[in-house]
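Chain nomenclature is as follows: A, B, C and D, assigned in order of appearance, with residue numbering initiated at 1 for each chain independently.
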Amino acid sequence: MVQNTSYQNCIEACQECAAECLSNVVSMLGKKSDNACPKCCLECAAICRLCVEMMAIDAKFASEACRLCVKVCEWCAEQCAAHDHDHCQQCAESCRRCVEACQSVAK
Amino acid sequence: MVQNTSYQNCIEACQECAAECLSNVVSMLGKKSDNACPKCCLECAAICRLCVEMMAIDAKFASEACRLCVKVCEWCAEQCAAHDHDHCQQCAESCRRCVEACQSVAK
Amino acid sequence: MVQNTSYQNCIEACQECAAECLSNVVSMLGKKSDNACPKCCLECAAICRLCVEMMAIDAKFASEACRLCVKVCEWCAEQCAAHDHDHCQQCAESCRRCVEACQSVAK
Amino acid sequence: MVQNTSYQNCIEACQECAAECLSNVVSMLGKKSDNACPKCCLECAAICRLCVEMMAIDAKFASEACRLCVKVCEWCAEQCAAHDHDHCQQCAESCRRCVEACQSVAK
């Protein structure tokens, strides 16, 4: 448990989303894509990592980071969801869970 | 040079700021602080790292990341500048350079 | 779940350890320390983050990263355990769990 | 300049390599690859980032991190060099510069 325990759920959602997104980038290498997936996953992993760090240190700008994360994750979920691959569908789901968790923090 | 060469200057400013900030956290360990320094430096290092990644991949959300970075760096510069230590003064200067560079990208 | 599901347990241990370590750095700011804590926590958070990324992408060098993580976490656990603060004790425990998880991967 | 100025050159080589590698991942998306490129670039970016952080805080394990970085960068340079694309060639060069810089630190 980090200092500010109200962040715990969102930290976990961001951690999971970051790992899923990186994993999806690798799964998509060499595959054709007709949209921003898997580039969006690289962006999404990066902002999720930032949010984890910001919340872990109970940062002044944690909620602003989460607000940006909501936008990136929503876009990433949309892009990945358009691909039939299991890994893309799974990534989209992680992103959606992350959107919800970050929305609570961003308020 | 990364793909989008217009980012090169800002990438370097963010890289330098991230390293200075982390270095300043260590220099401040065990020293009394009457303000947010060096906690602000941890936040600042984190957002600078995000900006580097976002610009390196020419991300859709790179300018939004830089916009947030401007806010964090301005705050961090203010906090560190209030301390007489050389390392804090130097950190404040890196933050100010980063503010300028990120403002150009954030436009 | 990332691609290589045998990593899942270790990914979670590293994620938790990274967050606890960063949180402990902040908790220790301004407090006197007679040993490497909380500087070790900064190192530990950094290597844990690397391991998460390496495992998430099923990297060729994931087990080598985990081998280095074992060393850093063992040292960090020892340093933090020497401090009575609850946050240091908790950090030491996260480090020990991370040592065990990384040892399984490092084999 | 970070605290331990002997690291400055290597920090810059690792920063550049991390950015080039991430950039190359994006340049390679959707292109066929007959070897580990661009997956190696993801690993390489991750270990380079670790090294930057370790050196910025003058970490106990900085040289061990650089030792691992030498291995990852050598492998990444080899993989990328086998591809004719300008971006891959450029990435290979960044990796080679990083190998040299990390070897000095790793000693």
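Following the convention adopted for this analysis, a contact is a pair of C-beta atoms (placed from the backbone, for glycine too) under 8 Å apart; a residue touches a chain by one contact, two chains touch by 3 or more.
Please read these numbers as outputs of a predicted model, since none were measured by experiment.
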item: Reference interface A-D: repeating pair among B-C, A-C or B-D with over half of contacts shared; value: B-C
item: Result of counting contacting C-beta pairs for B-C and C-D, higher pair; value: C-D
item: Averaged-CA centre spacing for the pair chain C and chain A, given as whole angstrom; value: 22
item: Averaged-CA centre spacing for the pair chain C and chain B, given as whole angstrom; value: 25
item: Two or more partner chains touched - positions in chain D; value: 22, 25-26, 39, 42, 49, 53, 57
item: Residues of chain A that touch chain D when the two form their complex; value: 22, 25-26, 28-33, 38-39, 42
item: Chain D residues within the chain C interface of the complex; value: 36, 39-40, 42-43, 46-47, 49-50, 53-54, 57, 59-61, 64-65, 68, 71-72, 75
item: In the complex, chain C residues that touch chain A; value: 1-3, 11, 15, 18-20, 22-23, 25-27, 49, 52-53, 55-58, 87, 90
